[in-house]
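Here is the structure we will look at, set down as structure tokens.
Naming follows writing order (A, B, C and D), and every chain is counted from residue 1.
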Amino acid sequence: METLLSVKNLCAAYVQGGQRVRVVDGVSLELRRGEVLGIAGESGCGKSTLAQVLALLARPPLWVEQGEFWLDGTIYHLAQEHRLSRELRGCKVAMLPQGALNALNPTARIREIALEVIRAHQPKTTPQEAYARTQERLERLGLPVRVLEAYPHQLSGGMRQRVVTVISTLLNPKVLIADEPTSALDVSSQKAVVKLLRELLEQRVIEGVIFIAHDLPLLRNVADRIAIMYAGKVVELGPSREMVEASRHPYTKALVEAVLVPEPYIRQRRVEGIEGTPPDLRAPPPGCRFAPRCRYAWARCRELEPPPFGDKERFAACWLLEGMSA
Amino acid sequence: MRYALSKAAWYFMAFLAAVVLNYFLPRLIPGNPVDTIVARMAQGGGSEGEARQQMYQTFLREFGLDRPPLEQFLNYLGNLLQGDLGTSFGNYPAKVADLIAASLPWTVALQLPAILLGWILGNWLGVLAAYRGGWVDRWAFLGFLTLSNIPYYCLAILLLYAFSVALPLFPSFGGYAPGTTPHLSLDFILNVLHHYTLPFLSLVLVLIGGQAVGMRSMAIYELSADYVHYLRSLGVSDRRIVWSIFRNAMLPQVTGLALAIGSLVGGALLTEVVFSYPGIGSLLFTAIRQNDYPLIQGITLLVTVAVLAANFIIDLTYGLIDPRIRSAQVGER
Amino acid sequence: MNSLLAQLLSKGRFRVSVAVLLLVVAFAVLGPMLDTRNPLFAVGGRYDPPSANAILGTDVIGNDVFLQLMHGLGTSLKIGLIAGLVATAIGVFIGTLAGFLGGVVDELLMGFTNVVITIPTIVILILLSVALESRTLVSLALIIGVTSWPWTARAVRAQTASLRVREHVDIARLSGASVFSIILWEILPYMFSYIFMAFVLQLASAILSEAALSLLGLGPDNTISLGKMLQLAIQGEAIRTGAYWAFLPPTLLLTAISFSLLLLQSSLDEVFNPRLRRA
Amino acid sequence: MKSLLQVRALSRTFGSGKRALQAVKGVSFDLAPGEIVAVVGESGSGKSTLARLILRLLSPTEGQMLLEGQDVQRIPLRTYWRSVQAVFQDPYAAFNQFYSVQRLLQKALTLFGPLPTQERKARMHLALQSVGLEPERILGKYPHQLSGGQRQRVMVARAIMLRPRLLVADEPTSALDASLRATVLNLLKDVRQKHGMSIIFITHDIGQAYYLSDRILVMYRGEVVEEGPVEQVVEQSQHPYTKRLLSDVPRFHG
């Protein structure tokens, strides 16, 4: 399948008061046309920062140190192009943020916000045209048109998040970066947002989604492939089903084991969480970053950083896998 | 509707409280107030003999001291409703209402333009500074801060000394040249404007500073709001974003404007005192010096009513402007 | 805590304002100790210019301006301090009670506060001052304090109401803490920085209120204050006769106090509310 | 078996007139000693209001609660809170950031009136040890010096130190990372085992309810729409709302 977006060796750091904390450390990922790529990990693993960078939103104190960014065959050097053309944002890549209530200007009606977004890229659009386009989009996606006249606070949480999804995709961006778009929602609203995203992909409004979440069961259902991040690095990547059923990295395994879902196996045994906390990125441990919390870690893990084993479709970075062919 | 009614009720109570204060406080002076007042006035160099006697009778009647206390108060309320604020001690037998009516236009003409101009310029400069950032913002902010933090009467004193004494460019007192009578001619208008400049400047500068400081910090606060990040993430330009911020931040500022207009009468009494400019402030200044209680009461009542009315209008309209207020929350959490 | 102090000290605005305030206070406290003459006693003629006899000259009735400045400053600061403390205390008391108890108590207290807020302070000040037989420093300070608490009460109430629903308050209740102890130990510590800033504002506004009242002729009797110096100068036509030494010092001193207090407040505000800082 | 807590037709209305909102409507259920009951519902279902009613942090507009057969209205609050304690959602917000762990625990001990220093110390140590924390290292710490998991453990320690017969856990895991949730739930399981206390577990996550509890109450718009043993509710749910809720949960395996 064709590659829509890819990043190579991406590093990003927060720089404040002379201190540099690298929170995204050498990440390489590919998003294919028509695909949903899931990114998961505990809080503080760098997944939200990665979302900021991928959505071209890095601004001080967050600096992109290096990394190639290929979008639809064009290369952008993120580290140099700091003011990376605002024309790309919203048009080529768009962000779908978490808290829909705060993402919408509280004193503006939905149609005014839509107009603002359309005009940002097509300044000559009249309010009538913008209204008609938004209306048409809502209808096509099976959402009520009356939301256009509403203020954000008048919509329910689930509806608000779907409206934000529509606004983010108004300009048919190639890639949608969804940063925990459903974490604050009830399961039924979650499902509706996920359905909407699928709908948008099928209708070719957008061509790919990077879906960031801490919720593995949700990702298992939304994403085609899942990447697991730990302490700023991608530690395992593979097709969703395999990641859950046959994970290779001890961290992924522990995450999968800690999941609590209403499925019978859960009540038959004791589910264990992951002890300890992610490392302080101001002074990351040498070797494998998961080693201090890992049941299987031995001397080598604490000294040498494991490279990814496998191929670029299915890999995990753990010394246990050394010698295993993909 | 229930909201409007309950608001109206609270404001009516506030008004009553003000009237009661206004009525009773001067009566707290120990002894027979009329005796005390007339005696105090005499010290201030009042009139003599028969005129004094006549005054005494007038005030005895107005205060209605021979009646029971409740009746005195009702009597006062009755007069108030007819717009009768009593008779001035200092300028006997002038009516208080007439004195105020003669001074009010000067005050309004001085303050209303100053408030409007200060508000518009201040908000505009505040947003501009916040948007520009960098050294423009730093220096502009320092300037606004300086202007807004000088007590307005201190600025008035400094301006008066600098531009009419040390550097005699402008007249140092009055609303127009002494000896002339107000009439409609170019000469007279120019003369009035000449007198107007310094008091006006002293007000407008402080107002610009205050508005700009408030607007700037509100704009900066909004600049870090989530909805701003969202708009930015979709490629909306900073220029357009500043517009939305301006709109959002304007809401509280509009109420500020209404309040400023409401408190206009009592807001800058001292400007008039410093520049010996005709108006309510100078009137009050003289009234206090002459212990002219009916006049003081009249002025304070006027100031109160203006502020109450402005607040009431703000409360009623604010709900209409800001959609967030329209839907009040139900429940504890 | 230390990092807050370090942040404050790194701010030019904070350093300047604290330095000015320290100088002002030192002048008011040490001055009268070193020079014990009575400021209300004439030492020369009408508007004598500055000389060795009186370094800042004399005022309209021949008093030493420098001496008056020292004592007047003290009076103004005392009034500001008393009024600021009174206003802050009342505001915090009413605000926390209304915000914490909610319901009818809240409605009544806030209704009362709104009534007081809408009646202009200057009116109450004028009426009360007029009614008083004699105005002492303390009574004037109390009047100013009693009329200027409502803004503090309103803001404190809003803060309390938002703190009240926090879980640590529930935990304290579940540990059997009384309403009083919860307000004292669970609510007030979170508002400490805020209350301090409110006090700084009250202090500044009280000093200016005293000056404004004095300018209108309602200042404290039998003592000198910055406001009374200004009033004397204006009534005595010092400005128009060019006797700058009689009115410039109190004007500049008032400006400096007000300026540095508000500067202090704004620098505190930026440190305590990080969102006001520019990224 | 005699009930520990009986809830009878409990209701709570906020506001009045047109704006009135009935957050909890006529909820009744019984809780046996040593039982874990989960109250499951989406936001706005009234589950947190119910928790606050049971904790008596809020008074009901209607209805009655009996603790071991006694009307709770007759029990003084301080006595009641010796029997009924809570763990809340956000372990950071549940701490007063100005006070150390030691002070937090000591405040809770005042429910027992004056105790000798030795006794207080012993109880604090025991409680912290039983949630897997080292007392010497934890007591002097301030909340910002603890990790999220440690904070929630301290809150559990605080509750069990009082030896209550009922623990109300209001979304104790929703502010924690998924990797920590099982750990906290296991802690609650062990506490029940060791001290035999009952637990009311409030959650929006039917998966967690399924893992931890014996019985489930499903709440929808203030009412209990389904109630029963866990397996029954999850595997053979009756009410359409419960069915929808379960079908909306993403499948993890298979």
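The rule is short, and it goes like this: a residue touches a chain if its C-beta (ideal position, glycine included) is under 8 Å from a C-beta of that chain, and two chains touch if they have at least 3 such contacts.
Note that the structure is predicted; figures quoted are calculated from it, not measured.
Student: In terms of C-beta pairs in contact, which two chains are most connected?
Tutor: Top-ranked chain pair by contact count is B-C.
Student: Where the centre means the average of the CA atoms, what chain is farthest from chain A?
Tutor: B
Student: Work out per-chain C-alpha centres and flag the one nearest the whole-protein C-alpha centre.
Tutor: Per-chain C-alpha centroids ranked by distance to the global centroid put C first.
Student: Hey, how far is the Cα centre of chain A from the one of chain C, in Å?
Tutor: Centre separation, chain A to chain C: 53 Å.
Student: So, what's the distance in Å between the C-alpha centres of chain D and chain B?
Tutor: 56
Student: When the centre of a chain is set as the mean of its C-alpha atoms, what distance in Å lies between chain A and chain D?
Tutor: The separation of the two C-alpha centroids amounts to 33 Å.
Student: Would you kindly tell me how far, in whole Å, the mean C-alpha position of chain D lies from that of chain C?
Tutor: 48
Student: Provide the list of chain C residues touching at least two other chains, using ranges where the numbers run on.
Tutor: If we look for residues of chain C contacting two or more partner chains, we find 279.
Student: Within the complex, which stretch of chain B touches chain A?
Tutor: Spelled out, the residues of chain B in touch with chain A are 225-227, 229-237, 240, 244, 247-248, 251, 322-324, 327.
Student: Residues of chain C touching chain B in their complex?
Tutor: Within the complex, chain C touches chain B at residues 111, 114-115, 118-120, 122-124, 126-128, 130-131, 133, 165, 208, 211-212, 215-218, 230, 234, 239-240, 242, 244, 247-248, 251-252, 254-255, 258-259, 262-263, 266, 275-276, 278-279.
Student: If we count contacts the way the header does, which residues on chain D are in touch with chain C in the complex?
Tutor: Residues 52, 55, 57, 77-78, 81, 85-86, 88-90, 93-98, 104, 107-108, 110-111, 155, 158 of chain D touch chain C in their complex.
Student: Can you check the complex and tell me which residues of chain A touch chain D?
Tutor: 42-43, 157, 186-188, 190-191, 214-218, 220-221, 244-245, 254-255, 258-267, 270-275, 277
Student: Which residues of chain D touch chain A in their complex?
Tutor: Touching chain A from chain D are residues 42-43, 147, 149, 177-186, 204-211, 230-231, 234-235, 244-246, 248-253.
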